[in-house]
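Letters are used for the chains, namely A, B, C, D, E, F, G and H, taken in the order the chains are written, and counting of residues starts over at 1 for each.
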Amino acid sequence: MEDILKQVQLGKMNIAEAKEKLATYEDLGFAKVDHHRKKRQGFPETIFGEGKTAEQITAIIASIQANGDAILVTRISKEKAVEVRKTHPELIYNEVAELLHTEIAHKKTASTNFIAVLCAGTSDLKVAEEAAVTAEAFGCEVRRFYDVGVAGLHRLLDNIEEIQQATVSITVAGMEGALPSVVGGLVSHPIIAVPTSVGYGANFSGLSALLTMLNSCASGISVVNIDNGYGAAYNAALIHRLAEQKEEE
Amino acid sequence: MEDILKQVQLGKMNIAEAKEKLATYEDLGFAKVDHHRKKRQGFPETIFGEGKTAEQITAIIASIQANGDAILVTRISKEKAVEVRKTHPELIYNEVAELLHTEIAHKKTASTNFIAVLCAGTSDLKVAEEAAVTAEAFGCEVRRFYDVGVAGLHRLLDNIEEIQQATVSITVAGMEGALPSVVGGLVSHPIIAVPTSVGYGANFSGLSALLTMLNSCASGISVVNIDNGYGAAYNAALIHRLAEQKEEE
Amino acid sequence: MEDILKQVQLGKMNIAEAKEKLATYEDLGFAKVDHHRKKRQGFPETIFGEGKTAEQITAIIASIQANGDAILVTRISKEKAVEVRKTHPELIYNEVAELLHTEIAHKKTASTNFIAVLCAGTSDLKVAEEAAVTAEAFGCEVRRFYDVGVAGLHRLLDNIEEIQQATVSITVAGMEGALPSVVGGLVSHPIIAVPTSVGYGANFSGLSALLTMLNSCASGISVVNIDNGYGAAYNAALIHRLAEQKEEE
Amino acid sequence: MEDILKQVQLGKMNIAEAKEKLATYEDLGFAKVDHHRKKRQGFPETIFGEGKTAEQITAIIASIQANGDAILVTRISKEKAVEVRKTHPELIYNEVAELLHTEIAHKKTASTNFIAVLCAGTSDLKVAEEAAVTAEAFGCEVRRFYDVGVAGLHRLLDNIEEIQQATVSITVAGMEGALPSVVGGLVSHPIIAVPTSVGYGANFSGLSALLTMLNSCASGISVVNIDNGYGAAYNAALIHRLAEQKEEE
Amino acid sequence: MEDILKQVQLGKMNIAEAKEKLATYEDLGFAKVDHHRKKRQGFPETIFGEGKTAEQITAIIASIQANGDAILVTRISKEKAVEVRKTHPELIYNEVAELLHTEIAHKKTASTNFIAVLCAGTSDLKVAEEAAVTAEAFGCEVRRFYDVGVAGLHRLLDNIEEIQQATVSITVAGMEGALPSVVGGLVSHPIIAVPTSVGYGANFSGLSALLTMLNSCASGISVVNIDNGYGAAYNAALIHRLAEQKEEE
Amino acid sequence: MEDILKQVQLGKMNIAEAKEKLATYEDLGFAKVDHHRKKRQGFPETIFGEGKTAEQITAIIASIQANGDAILVTRISKEKAVEVRKTHPELIYNEVAELLHTEIAHKKTASTNFIAVLCAGTSDLKVAEEAAVTAEAFGCEVRRFYDVGVAGLHRLLDNIEEIQQATVSITVAGMEGALPSVVGGLVSHPIIAVPTSVGYGANFSGLSALLTMLNSCASGISVVNIDNGYGAAYNAALIHRLAEQKEEE
Amino acid sequence: MEDILKQVQLGKMNIAEAKEKLATYEDLGFAKVDHHRKKRQGFPETIFGEGKTAEQITAIIASIQANGDAILVTRISKEKAVEVRKTHPELIYNEVAELLHTEIAHKKTASTNFIAVLCAGTSDLKVAEEAAVTAEAFGCEVRRFYDVGVAGLHRLLDNIEEIQQATVSITVAGMEGALPSVVGGLVSHPIIAVPTSVGYGANFSGLSALLTMLNSCASGISVVNIDNGYGAAYNAALIHRLAEQKEEE
Amino acid sequence: MEDILKQVQLGKMNIAEAKEKLATYEDLGFAKVDHHRKKRQGFPETIFGEGKTAEQITAIIASIQANGDAILVTRISKEKAVEVRKTHPELIYNEVAELLHTEIAHKKTASTNFIAVLCAGTSDLKVAEEAAVTAEAFGCEVRRFYDVGVAGLHRLLDNIEEIQQATVSITVAGMEGALPSVVGGLVSHPIIAVPTSVGYGANFSGLSALLTMLNSCASGISVVNIDNGYGAAYNAALIHRLAEQKEEE
């Protein structure tokens, strides 16, 4: 802020420009798209699809594309996606993860870094894929380790050596949510734990897995909201970038 | 009931006797001791020490001993135990488990059956010992596997082959309570899971571990109340007896 | 593990074999079927039908049958079952319990042991039948005692002498869930208590019955998740097997 | 109100009198004692002792006695009671129930009606006695049936015929709180159920028993707050009075 | 029980008869109808309609009518009622209260006693009517005082003198559920409070009103489950009968 | 009341008139419309549309209009509104806010006072509009500041100087509900905070935002029920009127 | 902000001054006192005493007094207050409300406006006094209406005409918290409702009263945190000021 | 594992050695210290002090020091620390953070990276310091930004440019816990959010802040358990190391 104030004082910048510099969003009426954040972080604009009409989503996409950016729509049902793709046939719809996005160009770098995405059971797949594809859309290399829940421990142990090579793990689990605790004891990188609402009875829509992960006796685990695969990927991508920058130097 | 009715009808039993047959307790005024149950099950009378005075406990002990039975007092503080032992110096006090009991005569049978008592961390020791000593007081062979929580998986895997030989496991864990889920995937006998109130923050006095255990994705796990080491041992002893009877035949 | 290590050291086993020995599952892509567990326990493979498509279920069934094993699918709706039975007409669908399974061949043994399945009211029938049929599919003899809730105590007392002969009881109850407490005071075998989500108002989807069962003042009761008839049967079958083995010797 | 308005209109009552007629309390500064209610109902004034100093209690007692009424103080600790009795040595302190009251003159009527007070275990005694003595202070005949919890059903069944003769039952239970459900199926008079905070673990300070009683499958049960023995007695006395009036006619 | 034992001893009763005497229910397969209770209490058999098919309800009705008793079905939807009435056109369906019942013959007695049914708002009508019609089906005189919630206090005060004449009040309220507290301070008969699930937001499906009623600072209030109009009427009828018996003498 | 009593005493008012004076509602059978309150407060009659049929709503509208008053119906679905407007085409339906109301005549006063309505995200729009339009229907000037959530702080800071000029703010937020805390630190007028049920996972239908607002470390914030835009507007209008009265003098 | 930018541009303000303008707090190391807010609002600085040592409180007081401002310390125990008054004997300690403050000079204005502070029972006194004295310290006229709970409605109705004259009411209630609902139906000014943690059993530390107030069917009620008398007074003073400004003009 | 198997096969490693390789802990009887993990991660051994005696802590310290490692004891009270320091006077006790640790040698590297530790209020200091000192003990550079809660936004904005330079932020907040949401919108590095149990009333021991953080509308935030400053630091250190490794290359 001091820089801007100085330039205003020196007459190098007029007030309209100064205000513009601080403007960080475009107001589309029903949504204020935050372009500034995008520039700082290199991640594509993300549109939360739930509760928006196909028309609204289509309009926001047009606005972002006009800015030259990639598209990522989360939590968009098949019906809405079909509608939106009439206008934007170039976008790809991932039905399992309920994501609509610009084709993901896999990086060609020398880096061997990757984010590990684990899930405990097949019913956690939706959330795990939301995390995995989001991380890929954010330019990260991802490797998937699915159905490795603790009740069949050998499935996890068979893959643990590869998982240990990741820069960061996203660990998705429903029911009792014990997977992050076990993984936390076996790896030495940060773990983003994602409780899912998968389960029944005293699961209470994911509360059981959420509490398990918050109370984990293993270190190096932090937690995001129930079913929040997107949030986990966002966190993981921020962490992963630190290692990537290292490699790229 | 039909038998008794028949004998009354045939005049082989008078009404007072018939009523006596159905009487299953002795009324001490402040407590009705259930002698009948004891006889059916071969387990010593158990006195829940919490909320009873040393005087009341002493009186109940006398009554049970008059019946020729062994003594087991649970949840009795050191102060009360010291007081009670002035009258009953023959009883042994286990400070960790807060149990007061008749000396336990380890059986000399050919059976190699045992109950495995596992706990996740050192802070679960009190509950684990309550379970272990109670099971011993009920005449069961017990083997302890302590501090084998999932965050350091090798500590569990090192002992798993021995644990697999047990007739039944009592698995005690606080914090996130993930231990039974992992053990459940590695053994093929029934597991009694005991959540403990050990933890802090979103542990909510054991609720976290309780929900974890109820929602376990592993099969063969049933759950008792938070910190209820005694209840777990009672269940385990009932199950263990089935295997013992087999051995003894 | 030591055995395998020794054989490898002695050259009696090569590394591929050693790894195979530890392999306990078959990876079908969308599911990793745990064949190892099955062999250890003699129970048929179980498929949790909820959240799987008819196609997925059909594929898993084929894989298990190729292995020569019996089939048990839980929580499968009538619609899906009709679809699956087009390919597998040999399977039987139990509409009340929502189970699809290989025809159950009732054992012809001298054993008179049985598992007692009790339920409090007619609305608990679905869960009780899930438990009863599962136990039968696991090779156990089952006797049903339905609609014996505590509000009409004579219905329970009329049957109690037969119930007392069981090796283990599965006690299913919704609303206030008091049945296990009463049964617990009348029998001397282990009781698996199953709270159901039957009720309204302050029942809170089974929470009321769940807390009742966890806090039971009767001993010998352990609890599984709300509506988890399958889990109760799995536990009961593990316990029952101990008595069966005794008989068979 | 119309009567008063008419008398004012006719000049038979002046405005000060009219206002007085509607005044139903005496203002002691720190408390407004409701004399009107007392007159309507024939029950002695009740002072809730918790959170009041011995001085405040002493002052209120003086005010009530000046009105010629009997005294009942609930939830008053031994320390405060000793202090108050220095000024009011005529009052009797019941240490178990934590009640301080005017000596209770048992009625000499031909009526054989009574209120049955049941409790499940010895640790529910405090609440049960608060209920029993309060009902006696309200002029009701009371019979106690203590330690008749459902885990030892015969203790209840042995007394059930006498309990069935009551006009109304107060049924006190902690832990899982199943007693009212069983009693509700055996008697045909109204039952006031009182959950107590007795228990541990997933009892959650009486929540478990409270939910059990609210969800009871037996009819004829209504519930008061956790540990609210006084409230139960108040309700029971209101009901009992209906039967008494019948007898007295 | 002693009487029966004596008669058996004296040979006045054979064992089959003795067992029959204790039989209190008829087993229809999917339901065990409790005829004994009915005889003791003079209330018509009640069928809980929720979760039963029209066929099941029709069958139970036939069984009860064969016994010469009146019919009351609660929580039966319009669709099911239409179906049942094809076989039983003599039954009356109350759409608001979702009750199906034998025509209610209003008593012709000299008694002026009545049960007051109050509700706070128009959205509590369904529960209030379930209570009112049930009480009428149980032979009680009922007077309705609807939409008298505390936010418009004059609506209550205008009717309070008539309400005070009741033998017992059923007070139904959703949202914050304050009505029983205010009524409790104005009448001197017992109040059965019924929380309803009416409300939104932090109402949590009736929890708010339930807690309010349990914590009421007014005396003479006991509580039944959320939306349990039937239960409230059952309680009220038991209490009301005491006053009626008085009148009839 | 004293005034009325005096006039009765002096014969200036007869009893019927005195009773009429206290009558504050009109009884339409299924609803008691409170006309008195309306006169005191100058706010149009409000009809809570949820749970009422189109017919009922139409009838109440007729009754209010007969009284010469404006109409405001809240929480009325499009289907019902279409139905009602067949009879009352003069009413305006606001689809976003689900309000049906008399055309709002914006005041022509010199006052520059206004109520600020803020919301955090586009999904809070429905609740924010319910608040804004209700306040307008109550005769208040309203300015909207939408999509100013704390995650993009500049959107709020850009508008804060105008918001500071308001007499009172209504601040609507879902998810974590942090907006009122930030606004509370930046303005010096009262804030009515409205949590919305917008969110997922551990949001628990608005509980998260509700707790946040109740625990706000900023002063000057009070809270209404989840999604209660109407209630917030009612509160704000009462406060706003104080400033308006000042201006008008 | 634009003004400051303009003045910087015009050279009328240098950058240091511009930054100073935005500085709103003084950093005392362990606390950052917000002087700016104070100036805007005319309320004395408030120190939250809980969790601060007497030394820390003494130091903050010195700093505020150096600024010429009045002192208000909330939630300060008697022990700490005695300690602080050794240095600041000019401060007054209110033991009931646990407030320490500069002597309050009651305004001498022609205004007859006042804030009404109501509480339901004597045990709510602490919170009510915290609210009343805080409001007085903020320069508001306060009138107290204590022990006017709804169970003895006449106590409230006797005072309602005076309460109706207030600009705003603070309504404090524990247990079931029904008082604001009743008051809300009788007055036409805004009500700040304060739930207290007074109660027992299913009160759950004030949760019962909190939910009641949030769900109130009366309009014009907003709610602050449990026991938050200070927050209620802050809100009320902001509202009251609007009326005062009117009078003063 | 394959490597070890191969070496065993080739006779290069005997079985005892192979087993040793997998041993990752030292068994001290009451604790199994995990040396393996330590070596992998370069963090000093951490001892959770709560629930351990001074003797136990002293013994573990000796064992770790024998291994040549640094010491960090968390949640150790002053009393215990004094006792332990009799044997280990070289350790430093941090009273605010309740940490006992080896003197921390601040690194002398060219790196300008740092972890930002923010807290909302002075009462969050204990948790913030536990995080800050733990991170320092793990070799990280830390900068503290305390008392920057959202109610006084300028305190945060004054420091935001420096905070933006951090590799990762630990953001500690109690009460409503809104700080991470605001910071999340202003920085582009990962944020570890720590809810504290600071607050009262509807804070429910930190639940309010926990839910706020889990539901944050800002991205890049993950959450650890309530009051878990140590866990936050562990996570942050894992992330920070990635950036450090980059710098060091």
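Following the convention adopted for this analysis, a residue touches a chain if its C-beta (ideal position, glycine included) is under 8 Å from a C-beta of that chain, and two chains touch if they have at least 3 such contacts.
Note that the structure is predicted; figures quoted are calculated from it, not measured.
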Problem set entry | If a chain touches subunit A and subunit F alike, it appears here | G, H
Problem set entry | Far-end chain from subunit B, centres as C-alpha averages | F
Exercise. Can you give the rotation angle that fits subunit D onto its twin subunit F by Cα atoms, in degrees and rounded to the nearest 5?
Worked result: 180
Exercise. Matching E-F on over half of contact pairs, by residue number: which of F-H, A-F or D-F?
Worked result: A-F
Exercise. Using each chain's Cα centroid, which is most distant from the centroid of subunit E?
Worked result: H
Exercise. So how far apart, in whole Å, are subunit A and subunit E when each is placed at the average of its C-alpha atoms?
Worked result: 55
Seminar exercise, completed: Between subunit G and subunit H, the Cα-mean centres are separated in Å by 39
Problem set entry | Length of the line joining the C-alpha centres of subunit C and subunit G, rounded to whole Å | 60
Seminar exercise, completed: Where subunit B touches two or more other chains simultaneously, the residues are 37, 152, 185, 201-203, 207, 210, 214-215, 219, 225-226
Problem set entry | Contacting chain pairs - touch in the sense defined above | A-B, A-C, A-F, A-G, A-H, B-C, B-D, B-E, B-H, C-D, C-E, C-H, D-E, D-F, D-G, E-F, E-G, F-G, F-H, G-H
For this session: Please give the residue numbers of subunit E that touch subunit B in the complex, ascending.
Result: 2, 5-6, 8-9, 11, 15, 18-19
Seminar exercise, completed: Counting only contacts in the complex, subunit H reaches subunit G at residues 122-123, 147, 152, 154-155, 158, 198, 200-203
Problem set entry | Complex contacts: residues of subunit G adjacent to subunit E | 120-121, 149-153, 175-178, 181-182, 184-186, 199, 201-204, 207-209, 211-219
For this session: State the interface residues of subunit A toward subunit F in the complex, per the touch definition above.
Result: 22-25, 30-32, 34, 36-37, 50-52, 195, 197, 206-207, 210, 225-228
Exercise. Can you list the residues on subunit D that touch subunit E in the complex?
Worked result: 1, 37, 40-41, 46, 161, 167, 185, 188-190, 192, 210, 214-215, 219-226, 231-232, 234-235, 238-239, 242-243, 245-246, 249
